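The same subunit A turns up in both complexes below, where it pairs with subunit B and then with subunit C.
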Partner chain A sequence: MDDFASLVQFSIAVPIVAAFLTLFVKSWGRPAVQIVSVTGFALPVIFALFLWGFYDPSTPGGYAFVSNLDTGLEMIGVGLHLGLNGVSLPLFVMASVVGLAAGLFAAQSKAENLSRYLFCLLIMQGGLMGVFASIDILFFYFFHELALIPTFIMVGIWGGRDRNYAAMKMTIYLTMGAMLSLVGLIAIYVKSGAESFDLITLKAHLAEMPLADSVQKYAFGLLLFGFGILVSLWPLHTWAPLGYGAAPSSAAMLHAGVLKKFGLYGLVQVAIPLLPDGMGYWDNWIVWLALGNILVVGLIAMAQRDLKQMIGYSSVMHMGYAFLGIAAMSVLGVGGVVLMMVAHGLTVALLFMLSTMVHHRTQTFEMSEMGGLAKKAPVLAAFFVCAMMASIGLPGPGLANFWGEISIFLAVYDFRNWLVYAVVAGIVISAIYGLRAIASVFYGEETDEFIESQKEVPVEDMSWAERVPVLILIIVMFFIGFFPKTVTESINDALESEPVYAQVEE
Partner chain B sequence: MGSELYAYALLAFPFLSATAIAFLFRRNGLVASGVSVAAAALILATALHIIFRLENFEFNVHWIELGSFSVSFGFLINDLAKLMLFVVAFVGFLVHIFSLGYMKDDPNKARFFGGLSIFMFSMLGLVMASSLVTLFVFWELVGFSSYMLIGFYLGKSSAAAASKKAFIVNRVGDFGFLIGIIMVFSMFGTFNLTSLSEIFSGDTSLLQTASVTAVGLFLFCGTVGKSGQLPLHVWLPDAMEGPTPVSALIHAATMVAAGVFLLCRTGFLMTVDALTVIVWVGVLTALVSGFTAIAQRDIKKILAYSTVSQLGYMVAAFGLGSLVALSGSGWHEHAIVTGGVAASMFHLTTHAFFKALLFLGSGSIIHACHHEQDIFKMGGLAKKMPITFWTFTLALLALIGTPFITAGFYSKDAILALAYQQDKVVFSALVFGALLTAFYMTRLWKIAFFGSPKSEGADHAHENGLVMTIPLMLLSIGSILGGFVWFYPEVLRPIIIIGEHLAHGENHTTVALFGGAAWAIGLVVAWTLYGAGAKEDRLERTVKPLHTLFAQKFYFDHLYDWYVAKIQQRIALTLHFIEQIVLSGLIVRGLAGITGLMGIGLRSLHVGNIHTYVYWFVGGLVIFWALTVGIF
Partner chain C sequence: MSAEIFQKIAETNTWSWIMPELAMGLLALSLLVLEVILPKVAHGAIPRIAILGQLVILGHVVTGICTGTLPVGEAFGGMLFFDETGQLFRVFFLGASIFVSYLGMVSLDKRTLPQVEYFHILLVITAALMLLAQANHFVMLFVALETATVGFYILVSYFRHTTVSLEAGLKYLIMGALSSTILLFGIVLLYGAGSNPALAGSSEDSLNFGNLAGFLAANPDDTLGLIGMILVISGVAFKVGAFPFQIWIPDVYQGAPLPTTALLAVSSKAAGFAMLLSFSKVFSALEDWFYPLLTALAILTILFGNFAALTQRNLKRVIGLSGVSHAGFLLIGVITARTVDWASIAILFYLFAYLLASAAVFSVLVHLNKDDDSDLTLDDLGDLAKKNGFLGLALAIGVGSLAGIPPLAGFIGKLLIFIAAFKAELYGLLGVAIVGVVVSIYYYFGILKSAFFDLWKFQTDEEEVPTAIPGIDLGFLGKLAILLATAGTLLLGFYQSPFSSWLLG
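And now, the complex of A and B:
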């Protein structure tokens, strides 16, 4: 038992307890609900930062802050085994920060039944924290589902345009993806004969006697496509832009920013270490499908007229980089992916939040009906430009994203030379759609539609309540960009101790 | 105290200034401008301290490490960096001062000065960067500050379009630059410029390999984007949508020259093949934009194309000088500074003085003429704005390379001398380019300054205050004396002296003769062709088709617009359509449809009617029997 292990447990439990509390304090009025829920989001941040500060990067690949709770299912090898290693810790911190920003933003929203909305969001947050803290892969899966179900509910109830269709489509796709990966995880459990879902036990067991190649091949395929659907691998991505376009923004922030990383995280921490030979059978698949993510989806993003859908497509596009970095199977490539997951989580959450703030002022997501917003809301414009620049990997606001991208590019070049030309072309594509969006929303003259909508809803610049969640994300983004070592040291150590990644590094 | 502290300070002043303006003085233009100008003054002082008091040094600190990938944040201060620091800090400071007057009444002054500070931060970081990745980081940041300042006039759609274009076109160049950086790392395992140059000086056979040629050309893509070389030059003239001081500082003197600086920093890895390509890109750029400048009416557009053209000279100079050095017939005693670096940096320095002056002068004119930019609507400004007129004239004389008395003559002469030695075709092309320069600048000069005013704005023009004219006067000193070695302090001489040496090479008389002839012909032809304060362009009537070709900028913009609208956007829309219809429509709904059909089919199995079950049972038996006996 580690000294601070209980903080990991609290980070998961606090949002869930707060979720139920919001329902109880509802009768005390809106402020009580807001205070309880924001506390539920804020405490995990404090815990996570604390754990980050006390994490010892020298723990050799192993987990720190480990705890093992009884579940009564020990006879089938399931235990609530929690802990953090160098890869999961940065994501754990990122999840808490994005959660706080999303929570702060949701708490001031005009959603009907605010307490239920926050209830869903807090449950989701509890699940998210659990995903990255689980060492037991069945609980890893369970926490993902715990976070996923409130997403569907939130899209269906508080969603925007097409919410029913979007909720249905998201449910079908994501359940399918989750099922495939569950079958894959169970296959590993059954075939390994380790009689445990514990990742550390499984790893040790499989290092002694690896699975047969055919098993590795099929189990990896299941996990790849199962996780792939969850991460919006092309062409299984169509749920994402639609779903994010319809989802209420806090749900979109948490899903696109954090929950979506479940699949990548599963590949990095579970699938590849447990099935080291599996990748060999599938890497050509990944290469071609990920190119679809970057080039095809990138071009589709250019054709978007709806701001939120465009951001959705751009986030799908960035997942292509992540898949390629993973396919490279080196500390550099996979480390770049983890770094990018952290940076992308912050950035995309920021963009979804800011686009909703734009919507509050223009009453539309149609970019052709906006224009000239920068004059009326300069602060919003500045933040939006900053976020968009971060998203397209411009060093400065997007320094963290840039580090992730360049690591991936370098790894991809060593993996397949020719691939790098196609992949780097992505930086031009993303610049095109990103800057088009900025120009049509904020620059130029005001459109007639926008002038019309201002008569009904006068435009004001950002209030401080809006600025706080934005600033939280931006500050963390800048910090990681300028001091990347704070994150990369632990990632590097964790990956170096993983034989499957370290061996490629000669 | 370590030398690196001064380098850090150089970055800290503009950074703090930008941060303070963004968070504290956003609404207070007066304080914001004061903060920014103070930062610029401190930058100049610190830069001078680094240049004069400190030895060359390198300083690195680990920034990020991931697997084999390791980047250091650091500074590499050598002769080259010192010269560039001097240019950036000096011109930057004068432009800040000038802006105090130029932007006096602008309601968004704070944003302007904040942007200038961000630019200074990024540019200084770029100049001092010790590794390719750090350089790239600041390279992107200068691009961002340029983007921000081009789009300064938010309400103007043309400004929005221009800023977007600048950024995207630069990104196309950066695509190659980044691939070059990736290849460098994959081949040599380091990004550090010093380590790389040591690898290359240790193994000269590296310069024979095709892969190194590829690396050189990919890195050069960055230059093509940032320094407006063909075919990516299209963003630079449009960038004139920004406020004129920005055009002077960023889009004439410093940032656009960063591409040339990059070449100089990475000169050690340029092979003969790569250099030949570089020379020709530079020459073509110089000629094409020279021709385009002839037919422009907007004073800033003329100057912008002239900048593109002069950048072409610098790029060509780099290629020529390095080729001469590689062929061994040149200046081998200067191992670090080759002829290419010297010739291009010499011209970069003098150009920074006179082009910044020309832009500031045009800003002074535009300011006085109430934002009139068409030279055919000016006229008679010589009498109304004497200081602007005289300083502008000095800069103009320098740009067209007036023999013996101007800086531009010597720096251009050095380039021509190299070309003469290396390749006579290139030489003739560059001489002709010089003729074009003399032609279009004389045209501008005569039409805008002489004759009588042709618009109300020009009629009411009067000289601006000292805040705007003192920078002009200071820059005009550099425009004239910047060609002489003795003008520069001792520490800045190592590069300039080789540049001078080139200009006084063995073929000096021939080269100077050709250069002088080009100058004279261009000047005289333009002088006779255009009447003082002409109202319309005589070229337009006499050689209509050619004039149209030039006025339409060789149709580069048309080509790109056509590509974007007709190809790129159509592909995007088609893919979007396919995704909507095929992926989400047919396949996904189709799958759902199949499930639905199966549901209907299966439901009909459970009709609860005993006869139906019997039929199904019999049918199933038949199929089973048929399968077992092998009929199917």
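And now, the complex of A and C:
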């Protein structure tokens, strides 16, 4: 199996190498930059799909495609330890696909200093691939930061309204979250006495001698709130809508779609398996805070007049379902969370991209100033409706989100019956704001503002260059929607081998 | 005179052990000689000769470390003690001196001031600091420290035509003299206590570190010894800029010529930590006092440095105050050295990361073409990325490393300190450090924001076509220097093998 380990390394290295190449080929003109960067985004997709094809789901809980490099911190048990298991592989593939779509969209954007923009985006992509391929939890954190820094830069330089404030706020919040989770990881490392940051070693070590309850409690607390800030857990979510509202769309796609899943992934793969008793203590907290995400943030999302902000809030709201699924602590619930992470990554990226395309046509994000766009741009409308339906979680024709959410609901029902009412209320809320957004943007009469702006910028339907990245995301979304088993099998196998999740199931 | 005597002299000759320091002194003198004998047109070569000479010495020390041929043990009757850590401090001070020489070359070229003296004094300071890091005796320590400090007095007020530089010089002189007095008073008390024949463990040569440690171990309750230790630590706290001895830092950093600021920020601070590392062995018998004292210093230093830097707009003040907070992080490292055996490696790594990052930042600042570098503000960074993308990137890497952002060396430095602190169970300190890091993001981010994000602020005004901004010409040496600093920062960020194998091997 380890024959393809180098492909994992390449999928991290290729975007980073391409990033530096874009700076060098800048003098050859725009097409050269576009070709280099798109190649940098496309190769990881090919590698990731190839790895997916060769992954053996029966690998017993362990990791495939493992490689280990010493970077010089062996003395404290850190090494570049890469590999993929059933949970990380789907996310790895999703990251590469969203990256390709974001890259294709960015490459055709009118951003000033395109080569530097693509440089940041490619570095981010390299970090994202690394996050899900790291078995060493310090490198897991390291790659997350590698992807995070370009986000701040992109928001600050290429962002929209309020970009300076948004970039600053994001930076401070996310640094806080990252520092808390770093201390949590260090706590596990030091207290376990395993002298290693390697997840496999840590698991084996802690399975034999688990940490004391008090240690688990505070270490899990650190990780929960550290990761929680990064995943926009209520009430620490305020950076997210603001940041996404200001971020250039490709950065928002990669951050909301992929990078934000770092925290959930960290909880599922690191925090809960290593600190099961700590999870037991914080379980109730997670439930209540997640309800805050679903209900409070949901209502705030309903009140938004700005399309991009609304999508930002809705993405925060959906994290609530993920937290609830995690709180259920069963293979069904957590498996649903992982599936939803994949699906949500695709849909939220799609929504951010489509909302920017809407903006190109209406020159505004204010929904009250839009209307009747469907007549002018039917294809865009169709894609948007499709993405919004998926995001709401309608049991539409093979939409991936539905399978994730339904498993979460079933698990939550087993966990605490009454929670289902809240969850259903959440679905209603998201249906209200989602459908209302569709109605006000695409249907109804054309508003005066829209008619005005059409005089300056005539509205056309989507060009093929715009359709390609959208189609990539939609096709993958439908594929997972129609054949969820292709993904869930490996997820469930991996989760069942974790005693924490399997126990509750019995 | 038989051959035996010569042989004996050769065997016991420890002068060759301080070859690098001697060579630095000779190089310093030869610069003065060169000024006299070289024709005026060739004077421009003198700084380059200084840099070249230091590179040769650095090469000598590094090959010595790599081949393991450098001596280990006491020399000069216990005045100096040579070990691995001391060698690394030698490398550190030489590296810092080379960078400061480069900064001085750029900075002094723009001014009509005597040039050669600057490099002369710089080399003497560096030689003194190299000896200081290997001192094993309080007399040696004090003499080396004063040699360096007197040199600093001159370098701080080197821009004698500007009042801020003179003011900074005067402030540094008064504060420096005060701290030297405190330190000396502490040393005298330790001497008095340690050579009291009535007490156990006393010795004639009670200022030798080993003897003093022995005395303190025999008399851990000695009041004089305790007061002496507190005063000595206070003197050192002045050097590293730890609270409450940091008050001189903002003004002096601002007023001093930029290269001197760099030297103060890097070498002077590192010298303090070299001393603290050796003191932690000397005062190990008093650890119930030594470590709580340092803990209090570390907490206050981190909080003060970061919060004070928040409101500054003057670049040199920001860097100075951020340096105060770095001193706090390093103090945590010193405290963890009590229980974690690799903590001194963490401190050295942190220092080297700090050296490289500071070198990158100061190299950028020195190229900003500002006549009076004492009022460099954040606004002067505006459009930097447009004027010169290379400088912009270097600034980003330097500041990012100071802020401790992966994948830069500063992150690994902080990480090692955090892990060590956790191992030593210093949870309170760790919490303070986390707060410090988050607060520091604000002002580091502010620096980057003014260098990058205000880049296209006129973009919306179609009418206002920005006039061509003059680019900045770095020259070959400038590019090389900045490239070295940034590449080193990046390399140590994700590949620490060279460093760790060097330290452990």
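Basically, the second predicted complex is superposed on the first by the 503 of 506 C-alpha atoms of A that agree within 3 Å, B and C clash if a C-alpha of one lies under 4 Å from a C-alpha of the other, contacts with A are read in each partner's own complex, and residues count from 1 in each chain.
Simple rule for what comes next: a contact is a pair of C-beta atoms (placed from the backbone, for glycine too) under 8 Å apart; a residue touches a chain by one contact, two chains touch by 3 or more.
Quick caveat, the model's predicted, so the values are computed rather than measured.
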{"item": "Contacts of A:73 with subunit B and subunit C, given as first, second, both or neither", "value": "second"}
{"item": "Which superposed partner A:183 touches (first subunit B, second subunit C, both, neither)", "value": "second"}
{"item": "Touched partner set for A:444, first subunit B, second subunit C, both or neither", "value": "first"}
{"item": "Partner chain in contact with A:204 - subunit B first, subunit C second, else both or neither", "value": "neither"}
{"item": "First (subunit B), second (subunit C), both or neither touched by A:457", "value": "neither"}
{"item": "Subunit C versus subunit B, contacts on subunit A by residue", "value": "B"}
{"item": "On subunit A, the residue positions that both subunit B and subunit C contact, one per complex", "value": "172"}
{"item": "Residues of subunit A defined as touching subunit C within the complex", "value": "70-76, 112, 138, 141-142, 145-146, 149, 152-153, 156-157, 163-164, 167-168, 171-172, 175-176, 179-180, 182-183, 186-187, 189-190"}
{"item": "Contacting residues of subunit A [partner subunit B, same complex]", "value": "169, 172, 235, 238, 242, 296, 299-300, 302-304, 330-333, 335-336, 339, 372, 374-375, 378, 382, 385, 389, 394-396, 399, 402-403, 406-407, 409-411, 413-414, 420-421, 424-425, 427-428, 431-432, 435-436, 438-439, 442-445, 484-485, 488-489, 491-492, 495-496, 505"}
{"item": "Residue ranges of subunit C in contact with subunit A within the complex", "value": "342, 400, 405-407, 411-412, 415-416, 418-419, 422-423, 430, 434, 437-438, 441-442, 445, 448-449, 452-453, 455-456, 459, 494-501, 504"}
{"item": "Subunit B to subunit A touching residues, read off their complex", "value": "22, 26, 62-69, 111, 133, 136-138, 140-141, 143-144, 147-148, 151, 154-157, 159-161, 163-164, 167-168, 171-172, 174-175, 178-179, 182-183, 185-186, 568-569, 571-573, 575-576, 579, 583-584, 588, 592"}
